[in-house]
Amino acid sequence: MEGNLIKLSEEFLQELWEEIEEMGMSVKDLRRCIQCGRCAATCPMALAGLDYFIKKIVHASILGLKEIFLEDSSIWGCQSCNRCVEICPMDIKPYELILALRRMCMRNYAMPSSTIDSLRNYYEKGHSVITAGYEERRRKLGLPEVPPTVLSNEEMRKKFQEVIKQTALAEVAPFPLD
Amino acid sequence: MGKPKIAYYLAGGCGGCDISLVDLSEFLIDVVTAVDIVFFAPTLLDVKYKDFEALPDGSIEVGFWSGNVRNKEHEHMAKTMRRKCKTLIAYGICASLGGIKGLVNLYTNQELLEKAYRDTFSTDNPTGELPSPKVTVDGKYELELPELTEVRTLGQVVEVDYLIGGCPPHYEQVKKALIALLEGKLPPPGSWITMGHAVCEICKRNPVLKGKSKEITTEVKRIIEGELEEERCLLEAGYLCLGPVTQGDCGASCLKVNIPCRGCGGPIPEVSDFGLRAINMIASVLENEELVDKIEDPLHLFYRYSLPGSMLGGRIKK
Amino acid sequence: MGWEPKIVVIACNWCTYAAADLAGSLRYSYPPTAHIIRVPCSGRVEPEFIVKALINGADAVLIGGCHPGDCHYRSGNYKALRRFKLLKRVLEELGIEEERIRLEWISGSEAKKFAEVITELDAKIRELGPNPIKRGV
Amino acid sequence: MKRVGLYLGCNIPFRRPDVEYSMRYALKALDFEVVDLEGAACCPAFGSMPSVDLLAWCVGSAWNLSIAEEKGLEYIVTGCGSCYGSLNEAKYHMEKHPEIKQKVNEILSSVGKKYEGKVKVYNFYNLIYDLVGLDELKRKVKFPLKGLICGAQPGCHNLWPEKVFPANDENTFQPKRLREICEALGGEAPWYSTITDCCGMGALGTLAKDKSETLFIRKIKTMLEEINPELYVVGCSSCLLRGDNRQAVMKKEGKIDFELPAVHIAQLVALALGAEPEKVLGLTEVPIEKVLEKIRGGA
Amino acid sequence: MAKIGVYVCHCGENVKGAVNIQEVLDFAKTLPEVVIAKDYQFMCSDPGQNLIKEDIKEGLIDRVVVAACTPRTHEPIFRKALEEAGLNKYFYEMANIRDQDSWAHWHDKLGATEKAKRLIASAVAKVKLAEPLEDRYQEAEKSVMVIGGGIAGIFAALDLAEMGLKVYLVEKQPSIGGNMAKLDKTFPTMDCSACILTPKMVEVGVHPNIELITYAEVEDVKGYVGNFEVTIRKKARYVDWEKCTGCGHCMTICPSKAPNEFNLGLNDRTAIYIEFPQAVPKKAVIDTDNCLYFKTLRKTGKVACKICEKGIPSKNIAGCPAEAIKFEDKDEFLTVKVGAVILATGFKVMEKHHFKEYSPNSPDVLTALEFERLISATGPTEGELRRPSDGKKPKSVAFISCVGSRDERFHTYCSKVCCMYMFKHAKILKEKYPDIDLYLFFIDVRTAGKDFEEFYVSTKQLGAKVIRGGRVSAVDIKPNGKLRIRAFDNDLCSPVEVDVDLVVLATAIEPGIDTEKLGRFFGASCGREGFLREVHTKLYPVDTASRGVFICGCVQGPKDIPESVSQAKAAAASAAATVMPGKIKFEAISAEVIRNKCSSCGVCVNLCPYNAIVLEEYQGIYKAKVEPALCGGCGTCASACPSKAIIFHGFTTEQILAQIEALTTY
């Protein structure tokens, strides 16, 4: 995109719609949006000042502006607070759109590196977020150093990975699953 | 004049119609003493075809024909019966409209034979033998089986004077018909011998008889689904009952035991095609178009007893 | 003259019949093989009409009604649709080509659609050939 | 005794095990048998599997729930709002779309697991609210809060979307449950107008750190103005990371001029029920001594 | 044997240009029972019609087929010709060989000619089986019932009464006036609502042709257009209205209080009350739910209070001076015969409790109608703007649009009047309190209407702040009593927030509670959104699917006062046109049940879109019967009858089958 002009192209429309439909969002539902702005007033992305927040994201999706989502990372800043889902008067489920767009971007390898890290952690250790130094913190409180999760149970971890390998993660993960 | 002579022939049928005569119990004795049964094949009397054929034409007062016309033998016998009998009655729904066995018309004889003699799980036929019209037994006896034809109603082969519905006809209806015959109080030739109205008119479940209108059918259920309420109209409850289109001479027997009417009684007079009226009726009571898609196997449902006798009759593409 | 298709159209007075009139006044041309029987409402169509036409030798039957929601009699077209759908399922199972029986919603203003439907149906029937279930065949 | 599965998630066991400790303590003190879900994994968090694929998300959640089902549990409890949201949303999707549930089970069956959908997923404060009750909680309090003014923060994931949760506030835009628990413990938890505002933690915190902090600052400043609380009490471990750990950093970086001690509701309950303060508050970063003094001072 | 005459029209060149007339005539003569086949240049001209008439008169023919243009335009002309010649007009069929033949197949002369033959054969086959039919007329009552005494009902009633028709105006509340009576001013002219409405209410009250029946509801309806029999339940008033002078003394002494509905509960009224000061009729009623006499009687069986009747003698307070109190009053039933009905029962506004994110528990969050009462001179504060919570004058007010409208979860439609009344509210406040801060939040501003856009601009000029694209997302209560609004401003492209003292929600206009039930009584159906539906939005905007039943005002959908009044006048004109001639024509083309063939299966009953099929005992069994006056003539029942017991006159099964036979034979 150069300067402040967005080109609307029929070609893109179709492509994005097909992709987000495939990723679990109904475009027909989405098109009910009348841009009333109710979601935007309390969307954390809007309040934090991201370039694209839920109202604009819905509109851009209806216009099929795929490039925006591949280039701008705003959708990855959605807090998943679901307030938009709760208050949307047209019941378009904006948050489901965010997830569908992320899934679409994921298939185009357009995601922040932190997402890749958390997915790798998730697959390898069973936890998306593992903060270093936990052993020490847990010991201090008299808790077992490693929590009784998949992390401390090798057999379960293998099974867990076996299961995860059968999901779409295997197709889109930018790292090997083995 | 002596006692009226009676003939009875069972063609492509199951014998159920014969049994419904037995259901007349004591009344049967009155009948048997009032008439002279000259021919009752193949179930009751051992009269040879030759002897039957030798009787003078028109010498029999009334002929009853049960079962449909499925092969050349039936066809031959139908013509013979017609010649011998002054009045010929298609007795039961097979004779009248083809009956359940009329559904074979949906398939070729080859398909049917293969199914019956080869393709079923329980069949033990290692050589894949199929019946063939001509067989030589012991190398010397030529045996000839009657050739299978499409199922036809009796009326499609010879002229029929009266029709009686039912699979089998209800004994009360048989009784009424016999009395009418014996007393000579018959409707115009070509008619059904029937009360003339639908099962609904005598069905205890019908709210209309209590002055209430039927509710619209909002779901389509199979008979195995849900609980049948004792008093409720089955159509209202979503069971595809054909009571409205079926002659009610049966006394709504099935409905009394929680079975929706399947139409064995045949259509109400003036209805030219039972299945089409049934389709029309069911589609008319349903609340919406989507329910139409929920009806399973509509062809068998609506034409269970009347395919050969339907308007499309023998013109079905296989 | 060789075989020409014969199409029986049973059309509702308020929509499809009016569309056919309009098609004429706008001089849209379509094959002269379709003949309308006028009924007040598509809800007046009995399945027997369709089958009777077919066994009598009509090569196709078209039922024309008002668009859903536009029925002059409120809901006759919905009843027609239900009956038609169920009938069609049965007739198809009996081996009647589905193209030979058709239901179309054609409003009084859709003259062009009327002409197009008839043209298309005529072409389809020419492709399929004469109706095989004609009486006596 | 009531059995409850303790679903840990990631942040609590690794980053804030003091919340884990507190949950264990509090649940036991409230007569629960705490059952560990050995082999449970990440919920999975919204930024991970849910952003990859709907089915993959459901598989991840069903893995955890199947472990609870194997143990014959009726319900499990989370201390983290994301876990609460993710597990319940996945459950909801599987209920709504039997075909997804079926596919999930096809995958799980390859390792001999099965998901039925029988387990209810509670968050900590709703579990207390629904299965213990405020009166019972009041009776068990050993160290009441003595009128301590609490700024309550239920957390977005604990409230919306309403329809997926087994328990919720009557009006999720005017939540009361967390406040009522603080009050049952002897504190005061007045209404303030930014109670349902986002704390800024989560995806936004990773993507746009500075921008996300403005949300927190705005929220807390309004709260301070309106009710001037002594303690910030959160219903979600993410809110705690923001409210305590991140607050400490912001203070150090000079981005804020206030200092508001923060705890997870499980910590506050454990403390009131008599847990050792060193363990319950062992990892707290914003100075909390004054609060502790007020609660334990006289005891 | 019928004697059928076939007349082929050339229509100048229109038919002749494509159809070989001679060939068609020769063919027609070969058709069974055709005795004459003639052609003429213009059959519809007088000489053309005379051809037919003469043949009929000479007894040559008794059935007529005209092969010409479309029956949709020309059938009536030829039917009339038959009638004039003394033949039943239904012994007539038309073969449409112009519109559907020559014109469409102009370049295929052979095809057009063949098709013309078949179309004629089809018409001949049909006319052969024709039966003589008679159009029927029934006497109609020259009176109209108007249900609902709001602005629409009032105008409908007045117009009808002025035309000299007897009008029954039925109103649920003790007084007419409806929602308009609750309004302060009206946009865009800013007339005071009461000032323009009250004279009209009085006019209704004194009009000799109007019988005003208030505090009454429809109990039952029988009959059909021309002859409706409506039973009305007049609710017990417990005050003898013959005696009550409307002095209001009872209200000064009644000790029992209840929320005042007229002020939407913003203040209290007494248990015996006159609905509002300008009520017509100005009569008191007792609300038994709150009256001490009835409450204690129900609970203890004893009489505790009769102050309104007897006063308090010990304190020298007198009871009702007119001696009108009548504790033993009972509901009365009254049956009225009318020729047509107008339904004008209006709307209700959504209540605020649905909107959880808007702090509905705050007394300072009001619906717009509550706000109307708050600023009305006859309202609880006598027109002074004061916050319900603390009685202080608000410094800032926010108005929120589309609350429950344009909303999938409540009402998908636009409530139409909200944008405008929000400006009206702003204008009233700004004119009264120039310093007040007003924030108007819109999704978008809709001001389509005469003088509306100007009204919008002038309101902005007064200083009201308009935020667009700003459906409010949250109203939160601040501990200091303020209400914080969070919205999005499309033009700033940013979320915005503002603290205000008072919030006014433009909650949706929704169908009144009993709208559907009322519709069912009269055979008028509701649309998806629950308002009564017009038959055709453009051509029959005040007609319902039930003949003789008309609608006007908000019962049909949200609308403003000018629109309601125009519609009321339209409905009055339509109702008058129905009953004025004194008789009503019913089509001959209709269904009839041959009852001895009917099997009582009931399939037809639900099929009828006009509820024209009833069950009636016939020879001891309930059988279907078509009420001819109600039959709309679609034939759906006849198609379905499993017993073939229903004849559809004009398009019988035999006729259609004969047409099929003809079309496929030739």
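The first chain written gets the first letter, and so on, giving A, B, C, D and E; residue counts start at 1 in each chain.
Following the convention adopted for this analysis, contacts are C-beta pairs under 8 Å (C-beta built on N, C-alpha and C of every residue); 3 or more make two chains touch, one makes a residue touch a chain.
Small disclaimer: the values here were computed from a predicted structure and weren't measured.
> Between subunit A and subunit B, which partner chains are common?
The shared contacts of subunit A and subunit B, listed by label, come to E.
> Along the shortest chain of touching chains, how many steps lie between subunit A and subunit D?
Minimum number of steps from subunit A to subunit D: 1.
> Going by the contact definition above, tell me which chain pair has the most C-beta pairs touching.
A-D
> Using mean CA coordinates as chain centres, what's the gap between subunit B and subunit E in Å?
54
> Subunit C to subunit E: how many Å between their CA centres?
36
> Quick check: what residues of subunit E touch more than one other chain, meaning two or more?
Subunit E, residues with two or more chain partners: 357, 474, 607, 636, 639-640.
> On subunit D, where are the residues touching two or more other chains?
172, 196 - these are the residues of subunit D that touch more than one other chain.
> If I count partner chains per residue in subunit A, which residues reach a count of at least 2?
As it turns out, subunit A has residues touching two or more other chains at 47, 86.
> Can you identify all of the chain pairs that touch?
The complete list of chain pairs in contact reads A-D, A-E, B-C, B-E, C-E, D-E.
> Can you list the subunit E residues touching subunit B in their complex?
For subunit E paired with subunit B, touching residues are 597, 599-603, 605-607, 615, 617, 621-622, 636, 639-640, 642-644.
> Which subunit E residues qualify as touching subunit C in the complex?
So the residues of subunit E touching subunit C come out as 70-72, 96, 98-108, 110-112, 114-115, 118-119, 122, 525, 545, 589, 607, 609-610, 632-636, 638-640, 648, 650-651, 653, 656-657, 659-661, 663-665.
> So in the complex, the part of subunit D that touches subunit A is made up of which residues?
Interface residues on the subunit D side: 8, 10-11, 13-15, 17-18, 20-21, 36-42, 44-56, 59-60, 63, 82, 85, 107-108, 110-111, 113, 156-157, 159-162, 172, 196, 198, 200, 202-204, 206-208, 211-212, 214-215, 218, 279, 282-283.
> Give the list of subunit E residues in touch with subunit A in this complex.
357, 402, 406-410, 443, 469-474, 486-490, 494-497
> Show me the residue ranges of subunit C that touch subunit E in the complex, using the header's touch definition.
Within the complex, subunit C contacts subunit E at residues 1, 6, 8, 10, 13, 17-18, 20-25, 27-33, 35-41, 43-46, 48-49, 52-53, 56-58, 72-76, 79, 83, 115.
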